[in-house]
Structures are given as C-alpha cells and as structure tokens.
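Okay, so subunit A shows up in both of these, paired with subunit B first and subunit C after.
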Partner chain A sequence: MKRAATIFILGILLQTICFADTAAAADIAVVVHRDVPIDNLSFPELRKILLGDRQFWSSNLRVTLLIRAPVAHERDVVLKNILQMTEAQFRQYWIGKVFRAESSVAPKTIYTNEMAASLIANLPGSMSFIESGQVPKDMKILRIDGLLPGDKGYPLN
Partner chain B sequence: MTIRRRLSLSFAVILFLFTVNLIIYFWSNQRRQATVETLRRAVTRQALISGINQSLNDIQKQVSLLSQVATEGAATGADPAEVGIFNQQLTTLEREISQLDELADPETRPNIESFRKAYRDLSSSWRVFYENFGKDQTKAITELVVRAEPLTQEVIQQRLPQLQQDENKRVDAASSNFYEVAQLTNRITILIFAVSAALAIGVGVVVPGQMSRGLNHLKNGATSIGSGNLRHRIYLKSKDELADLAKAFNEMTGRLSAAHDLLTRVNEQEKKKSEELEKALDQLRKAQDQLVVQQKLASLGSLTAGIAHEIKNPLNFVTNFAEVSVSLVNELRESTDQQSAQMDPKELENIRGILNDLQQNVAKIQEHGKRADGIVRNMLMHSRGHAGDHQPTNLNSLLAEYVKLAYHGMRAQNHEFNITIQEHYDTTLEPLSVVAHDLGRVFLNITNNACYAAYEKKKKLGNGFSPTISVKTKNLGSSAEIRIRDNGDGIPESVRQRIFEPFFTTKPTGSGTGLGLSMSFEIVVQQHKGQLQVETEPGEYAEFIITLPKTPS
Partner chain C sequence: MFKPIFFGYLSLLLTSTAFAQSGNAPDQAQLIQNLMSRIDQLERRVAELEGARAQATAAALAPAAADAMQMGVQADVTDSRPSLHIAGFTDINFAATDQPGVHSGFSEGQFILHLNSNLSPKVSFMGEVSFSARSDAGIGTPAATGFNAEVERSIIRFAQNDYFKVSFGRYHTPINYWNTAFHHGQWLQTSASRPEMTQFGGRFIPVHFVGSLVEGAVGAGGLNFNYNFGIGNGRSSVISRGGDAGDSNNSRAWLVNMFVRPDSLYGLQVGGSAYRDRISTGGREYNEWITSSHFVWSRETPEVIAEFANVRHESLTGSEPVSNSQAYYIQTAYRLPIAQKRLKPYYRFEYIHVPESDSVFQPIQNLAGSTAGLRYDISSFAAIKFEYRNQRRGPGIPRINGGFLQTSFTF
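For the complex of A and B:
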C-alpha cells in the first residue's frame, strides 16, 4: 500500500516536471465556445473575467470559466501571469467571493485539456485555457490585446 | 308609558347594549385572531422562505465551491456518505417547501407549486452533479452549467425573490390588516361604549327624572291639598302609574271638595237659618215689645180718654166760667166806672186794682184752661185713634211743607233761632197712599224735635257749631224711606228705650207734652203699617227713619 502511494506521488511529480518543461516552450491559448460574440480581449478584461468581476459575455450569455486542476501548467500560467496569485490566494479569493454572494458561479475545475475542449464545445459561453499546441483546430481562440498565441509579446506563456 | 314598561324598556336597552358589547367583543376577538393567524401564517411562510433561501444559497455555494475543487481521486467521485448528506439536505429543503405549500394561501399556491417544480428540477440536477462529480467530471460540469446553474438562477434569483416579495406583501398586508382590524374594533368598541354610556346616562337621567318630577308634583299637590286647597289638581302629562295615582288623587280631592262644598253650603244654610231665626226672634221680641207698648198705649189711651173725658167737663166749666167771669169783670168795671163819681177815689182805685187783678187772674184761668183743653183734646185725639182717609200724597212735597212749618214755628217762638236745612228728595218717588194730615204731624213732631236738639247744642257750644238738619226721601221700590237727621247731642241709650212712650219727654216742663213721638209711632206703625226707627250716636247725631210701604196692608 505504501509502495503504491509512493509510486502515485512520484508519477504526479514526474508528470508535473514534464508539463513544466512543455509549458515553458508553448503559449497558453484562451479558447471559448464558438458562440461567444467577441474575438479579442484586453488583458485587464481577461483578468476581470478570471476574478469574476465580469460574468457575462453579453446580456444573455454567461461566462463559464473552466480552469485546469492545480499543478497543471495552464493553471499556473493563469494564476501567475494574469492574476499574480498563488493557488491558495486564488482559492481563498473565490471562496470569499462566493460566500459574499458576489458571484453565484465559481470557476469549474477540469482535469485535462481534452475535457476542456469537450466542455467548451458543448457549453455556451464557456472559456478555458489550453496549451496552444493542444487546441483543436475548430476551437475559437481569443486574441489577447490583439495577439494570438505564438505572436510576439503574447502575454500568456 | 307606564313606569313598569319604562323600567322594562330600560332593562331591555341595557341588556341590548350588553349583548351588543358581547357580540362586538367576540367579533373583534375573532377578527383579531383571524388577522393574527393570517399574520402568523404569513410570518411563518416568510421565515420558511428565508430558511429555504438560506438553504438554497448554502447548497448553491456548496455546489459552486465544489465545482472548483479538484478531487484527489478523480475517478472515485464523492464519498457516498457525503452524497447521502447532500441528498438529505435536498430532501429537507423539499420538505420545507412542502410545508410552505401547506401554509400557502390559494393565491400563492400556484407560485409555490411552480417554485417546487423548479426546485425539483434543480435538486435533480444537483444530484446528477454530485453523483458524477469526480467520476464523470464532464457530465457533472455539463449538468451544472447547462441545467443546475440556470435553474439556480431561476430558483434563487427569480422565483424565490418573487415568493419573498409576495410573502412580504402578504405580511405587510396582514400586518396592515391587523392594525386596521385593531383600529376598527377599537373604534367600534369605543363607539359602542360611548353609545352605551350615553344611553345608560340617558336612561339613568330621564327615567328617575320623570319619576322624581311626578313624585314632586304629587308631593306638592298633597301638601297643597293638605293645607286646605281642595281646588288644587295635580296634572301629569305622562301616562304612567304616577299619572293614574294623580288621577285617583284628583278624583279623591274632587270628592273631598264636593263634600266640603256641600258641608259649607249646609253650614251657610244653617247659619242663614240661624240668622233668620235670630232675626225672627228679634222681630218677635220687637213685636212682643211693640205689643206690650201698644197694649200699654192702649190702656194708657183708654185711661187717658177716660181721664180726659172726666177732666174735660169740669175744665169746660172752668174755661166757660172763666170766660163768663171775664165778661162779668168787664161789666163790673163798666158799672164801677159809671159810679166812680160817687165813690171814694181811693176806694175806686182799690176796686179798679182788684178788678185788674181779677181780670188778669180770670184771663190766666181762661188761657190755661184753654191750654188744658188743648191738651185734653190731644189726649182724646190720641186715644180715639185716627179716622183720616188715605189719599195719594206726594211725600216730598208733604215733607218739605212740614219742615218749613216746623222751622217757621220755631222762628216764631224764638227769633234768634236759625238752622241749616239740607233737603234731598228722591224725584222718582211716586205719590203714596197715606193720611196726609196725620203723617204731616209726624214730620212736624220729628222736625221740631230735631230743630230743638240742634239748637240746644248750638246754645251749648256757641257760634262754633252750625246746627243742621237733613231730610231725605228715597224710593226703595216696594217702600219709601224718609230720613230726618240732626247734628244735636243724639239720644242716650237709656232715653232711647223710652222715647216712644206717651208723656215721656226730656224737654223742660211746659215745653213738651211727651206725646209727639208716641203719636208719631202710632201713626206710622199702627196707621200706615210702616216702621219708625231711630239711629243715634250720643254727642253726634240722631236720625229718625220712617219706612212706609207703598201698598198698605
């Protein structure tokens, strides 16, 4: 039993190290459901969405934020580059926001990019962060400050 | 209205007010309880809705936070125990909604039913989320995003606030209704109390007031009647027992008054009878006295007639022989004068002196004999009665004539005599059938006495006194009245008793015979069936009143 647990932890650590190496090399794309009515987001607006300060794309289309589970590279990029928060700060922030009823909907945790792609394809108004190399071809990617992943100066990498 | 009916009505009014108060009390209590119950149900529903809201928010937060939690065992999902607790929470919440539905009014029930349906959908979605959480995260998140979150929005942000708003309105309405009912019932209670108080005061004032007024009337009436005013009547406008009592009282007073009047009339009749009896007795006594006097006068008259008759013959001799003696003395004086030359002068003178004395004596005898004869003739006339005829005579003229005759007769005797005569003759007095000569003697006698009395007082008092006699006639209808009054010294009571007796006089000897008033009384009373009365105030006046019937019996 102890051995199995040790192997599981080591596996996770190894996976983390592997993802870290990959992320260092790829930009994180902001992907949205195809009916989201905008193509470009400013960085502050992206930050607002992540902080739950902007919850609607339009009057009828709610933002459904899907974020990878902790330890995932996409999550790390989002927390560090956009929010400048630690994991604990991010959790605490959303717990407080939900309990203060400032937002009725918290970001949903997803475990894989495939899950993210699947959910974004099915959930109107959904938005997630996927490494640009793993984004399916038909997925809508938003520009951040007019830049797409791979562009020089793209902020999410 | 009778007192009994009035009191019964008052009691009925008080009973009615009491009943109204009781009804109002129970009605108010019922209304208050109903409004309190409505308010309690509304508040309970409000509390339930608040609790449901809180629970929904808690579950929603729980689900929301759970959705961002990454489970360690991604494939194992949530602990079944936790799922059970979660389901229990949802069941409890549904039970509360059922309770809310039971407490709901018919108007709000459709909203609660739709709320319950939405909640069931939501709880079903949450259950799907919970059951798939960690196992099929995609399904869980899809369920959450696609169904649960819109339902959460609908339930928590639309339906529940709507219910809360409805219940708040109902609580407000119930509260407002409660205060309105309380205010209304208070107003009605105060109004009923005021009306009850006013009616009670009215009944308390009017009923005893009417009774008191009635009793006071009765008391005053009884006092007035008791003090002897049997004409007093008690009038009460009311139609009650007091009015009946007053009526009975008035009837009793009427009977008392009638009895009193009857008694008074009987007393008056008795008094009148008594007076009439006294008067009759007095008249009887007077008649008896008069009879005695008349008998006395008759016997005196007989005696006088006898004496006069006996005296008249010798008196005739005396007067006749005195008259003859006067003739003889004259013859003797003539023969003495024829033989005077032959006689001694002294003897002649002596004889002549004797003859003069004799002549004077005889003349005196003749004079007083004639006087005595006049007296005797008067006595005879008095005793013989009067045989004059009744002739219609004007009394005013007769009285005036004899008053003047008396005055001049007095003046002839005494030149210094003077007196004021006041004459008042009633011109309506028609001629009466009288014996004028005899009645004239009556007037003459009484007027002579009056003049004498007044002049005697004048002589006594001097010039400061004005002697006056007053003569009056008056037509009394069935009789004639003659009053002869002087302001002399009047007649003392002791003298008054005897003035009509024959030969009674207060004049000096030789001045009156004492037969004047006696004859006058006889002429008036016996001959003319009238009355001769005297009224006098000693020292002030004397008044003779002659009453003559117009139709002598």
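For the complex of A and C:
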C-alpha cells in the first residue's frame, strides 16, 4: 500500500516538474554581481537601465551592462520584450547615446552565458541576461516586478 | 488495493492528457513552438561556439577580462594615460535646385570625429571636432584652406550619480531638441537636412554655449523628470557664434531646460526651455529672451518631432521696439514594415517669421517650407536619403524647389 502511494505521488511530482521545467527554461534571468544593493526592479526601471537612462545602482556603484552578441536568444528577448527595438535600432540608439555624451560607454558585448557568469562574478555593478536554466547556482538573480524566472507572468521569455 | 490506486493514477494521466488534447490544444501548440524555438536556440548556440573559439578563450580568462572591462568602464587607463575612443560621422551629398545662381553638384558634408575618454570612474571627457569644406578654398592671401576645422564640443563631466552631474566646456545649447539629439551626426537624424531654425551657422537659436551645466534625472513617480541648468558666455559679437574666446560683455547667459519621459508612454519626451542673455553686437546692446518647447515621439511607427521657439529682443541702447521672432517645425516619419524595415518615409513642415522690427535677426529670411523624403538604411551604420524641398521666403518671392541625395554613415 505504502509503495503504491509513493509511486503515485512520485508520478504526479515528476509530471509537474517536467511541465514546470519547460516553462522556466525559456525565461531569461536578470543576473547581477552580488554587491548590487537591490533585489527587485520594476519593468520600467529595467528598461531605463538598458536605455542608459539609469547608470548608477548607488552613488558609488555604476551599472555595467553586459549583453549577449547578436543572434543569442537572450539578446532577442532584451530587444523585443523590453526595448521593443530591432537590432539596427538598438545599435543606432546607443551610438547616439554615446555621441550625445549622455553615456560614456555603450553596453559591453559578451559571447557566451559562461562568459557572462564569469564576468558578473568578478565585475562590481555588472548586470546581464542569462537563460534561467543556465544560471550558476550561486548567482544573484533580480526579481522583475516581484517575479522570478518560472513565475507566472514573468515578463522575460 | 494496488489496482485502484494504479487505475486512479492512470485515469488522472488520461484525464490530463485528454484535457491537453481537447481543452488545451493551443497550449500543446505552444509547447511544440517552445520546443522548436529551443532547438533553434541550441543550433544557434552550437554555431556560436564553433565560430567563436577565441571568445571561449576569453571566457576562460574571465577574471582578467573583468579587470580589463572594469578599467574600460570605470577608469580607462592604459600605461598610466587615459585611453581614447574615436568614432566618426560623415556624409556625401548631391543637390540640384531651381534657385537662381546655384549650381547642382556633389558636396562633401562635415567630417566629424567624436572623441571619448573616461578619466576616472566618475569623470569623463568627450570632444567633437568637425572639418567642413570651404567654398572659398584657395582664395585670399594667404589662400584659404580647403577645410575649416572647428572644435564643436569639448566637455569634461563629473557624474556623482543619476541625479547630479556637473560639467564644463563647449556644448550644443540644450534649449533645442534637434540640436542636442543629433549634433553633427547626419546619419543619426531621419532627414538629410536640419530644420533651418537650428541650422549650424544660423542665428535663430544660439547653437553653441560655452560655460557650465548641471544636469540630472529623477524618477518623479514614473515621469522621469530631467533637468539642465547652465551658465555661460552666450552669443559672441558675431551672434551666430558662441563666445569661445570670452564673453562679449559682463553679463552671462543662463538657461534652464526641463523635460519628462513618462514610463507609461515609452518613447514620449515633452519639455521646455528658457534662455536669457545680453547681446552686444554692432555697438548696440539687446536683452535676448528665448523660450522654447518640444514634443517628441521617438518610436519609429510613427516618429514625430515638433519644436517651437520664440526669441524676444529688447534694445538697451536705442529706441527700437521690442520684437518677437518665432520659428517652429513638425516632422513625421514612419518605419515601414517591409524590406526588413529599412525604409522610412518622412515629411517636415517648417516656418520662420522675423518681424522687420527685429534688427538683430534682420539677416534671417522668413521661411515656409516643406521637406519630404525617404530614408533607406543600407546597413546598421549607413543610410541613403532622397529628399525634396519646397521653400517660400516671403510674399511675391518665387518658391524654390530642390532635390537632394545624401549618403551618411558612422564609422
């Protein structure tokens, strides 16, 4: 009897995990260096950081934006879901931003999620976007409007 | 006892499967879509990994790369000197008009170099240098050079945080949207030409400002309120120029510029400015008071830029009446969803009115004109623009028609 009940419960759990994992795998996590003094960003705040309109976490800590190179899924999500821009619009926006002297540097381009994770671990104030299934366990993930990757209504997927 | 539980679980599975097949068919389609996109992602990732072994090496050296990047971001120092980043803009033009005495032909646009250097985590420098072709090249003694070199902007800025930044230098006067959004980068602007009210070398708006600015932005409950306060030399005795070598009198110019970018209307910017100066020109003195406003919708479907400015001149040395000159323009554009979104038609109407009583602006001609064109983005960094202009300078003066072709790019 006990054995049958255990199999029954395990079956349901497995089914749940399989479906939940499919949903969470497509979500993009906002990952930051552990010294970033916030845990949650509103969606407009996240957009402002990507637009370079917010450049400081605090007076002593600048935002260092690391964004995957073109073609990466993480970059597509950032451009489409957050900025609603094409690749060309995003490039032109940042060239203009630096040319207007509104920002002294454009986002840094990174080529793999492993590179992103390594840089974030070593670079104070850094922030990047990594597919949630590939985020190393000890990394700090920001909530967006109170939601984490995998939560219902999470906006980055 | 085992059988009922087994059948219970089986029925639960069947029920959930049936639900998925009947009631949640779109979910299943979504699941398939997700899996397909996941396969696409994995394929792209393999391509990336195969094509970017050098980058993989960089990843392995991440701590060192992080150090270098931190230097790059926060204090750009190489061999005990700040490193310098250079970018550029330029354009080549062809023009043909029916204006008497004007020849058709090609012309070189300004050759712009943009210099940028981070001196410390909070201090940065930016400069902009232009080289403009001279129509009087080779004439005079000594012969005029082929190009005129000019320091357009030279700004050193200390950024305490997002709310407070202070800078000193030569700016494009931040009382006009176009002037500070596109500067000398023709490629950045949708159209081939600037509105005449903000023309380089023009008089209506003081294009350059030498002095100091305090600027910043605050959230203001999602309004995103931005400000600039400035004090500087204002116009020189040649009023189309800023007071680079010193002010033309002992009265500084000051300006206030404020605008909002609401979170709820992503792409909208609305603002206004005020500018006050005392002008000393031609042995006479005037108080100048400029008020301006702008409305910008920067999303390209559509794009709308509208600006208005009123310039009030009050003579301090004569009996001339107070005068008010106005200028405005409205430009609309739309990024078409065809041809990989490379095409962007646009139209601009602009108007300038200078009363005869405004002796400071007398060289400025009135204008009512239309500009229509098509921008084609050849790549992410280059564009071709076809433009038609129709302008009328005043009653009884024939309209001038012109066709223009420009290729502009950044490098």
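Note that the second predicted complex is superposed on the first by the 132 of 157 C-alpha atoms of A that agree within 3 Å, B and C clash if a C-alpha of one lies under 4 Å from a C-alpha of the other, contacts with A are read in each partner's own complex, and residues count from 1 in each chain.
Simple rule for what comes next: a contact is a pair of C-beta atoms (placed from the backbone, for glycine too) under 8 Å apart; a residue touches a chain by one contact, two chains touch by 3 or more.
Fair warning: this is a prediction, and the values are worked out from it, not measured in the lab.
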item	value
Fit or clash - subunit C, subunit B, common subunit A	clash
Touching partner for A:Arg47 - first (subunit B), second (subunit C), both, neither	second
First, second, both or neither for A:Trp94, with subunit B first and subunit C second	first
Partner chain(s) touched by A:Ile67 [first = subunit B, second = subunit C, both, neither]	first
Of subunit B and subunit C, the chain that contacts the larger number of subunit A residues	C
Which superposed partner A:Asp151 touches (first subunit B, second subunit C, both, neither)	neither
Touching partner for A:Asp39 - first (subunit B), second (subunit C), both, neither	neither
Contacts of A:Pro107 with subunit B and subunit C, given as first, second, both or neither	first
Subunit B versus subunit C as contact partner of A:Gln84, first or second or both or neither	second
Region of subunit B that runs into subunit C when the structures are aligned on their shared chain, from 27-35, 135-143 or 351-359	135-143
Subunit A positions touched by subunit B in one structure and by subunit C in the second	62, 64, 69, 91, 95, 98-99, 101, 104-105, 108, 111, 115, 118-119, 122-123, 126
Subunit A-facing residues of subunit B, complex	57, 60-61, 64-65, 67-70, 74, 137-138, 141-142, 144-146, 149, 152-153, 156-157
Footprint of subunit B on subunit A - complex, ascending	62, 64, 66-67, 69-70, 91, 94-95, 98-99, 101, 104-111, 115, 118-119, 122-123, 126
Complex interface listing, subunit A residues touching subunit C	1, 4-5, 7-8, 11-12, 15, 22, 25-26, 44, 47-48, 53-56, 58-59, 62, 64, 69, 71-73, 84, 86-89, 91-92, 95-96, 98-101, 104-105, 108, 111-112, 114-115, 118-119, 121-124, 126, 131
Of all residues in subunit C, those that touch subunit A in their complex	1-2, 5-6, 8-9, 12-13, 16, 31, 34-35, 37-38, 41, 44-45, 47-49, 52, 55-56, 58-59, 62-63, 65-67, 69-70, 72-74, 87, 89, 114, 116, 118, 121, 124, 126, 128, 153, 155, 157, 159-162, 180-183, 185, 188, 217, 222, 224, 261, 263, 266, 299-300, 341, 377, 380-381, 410
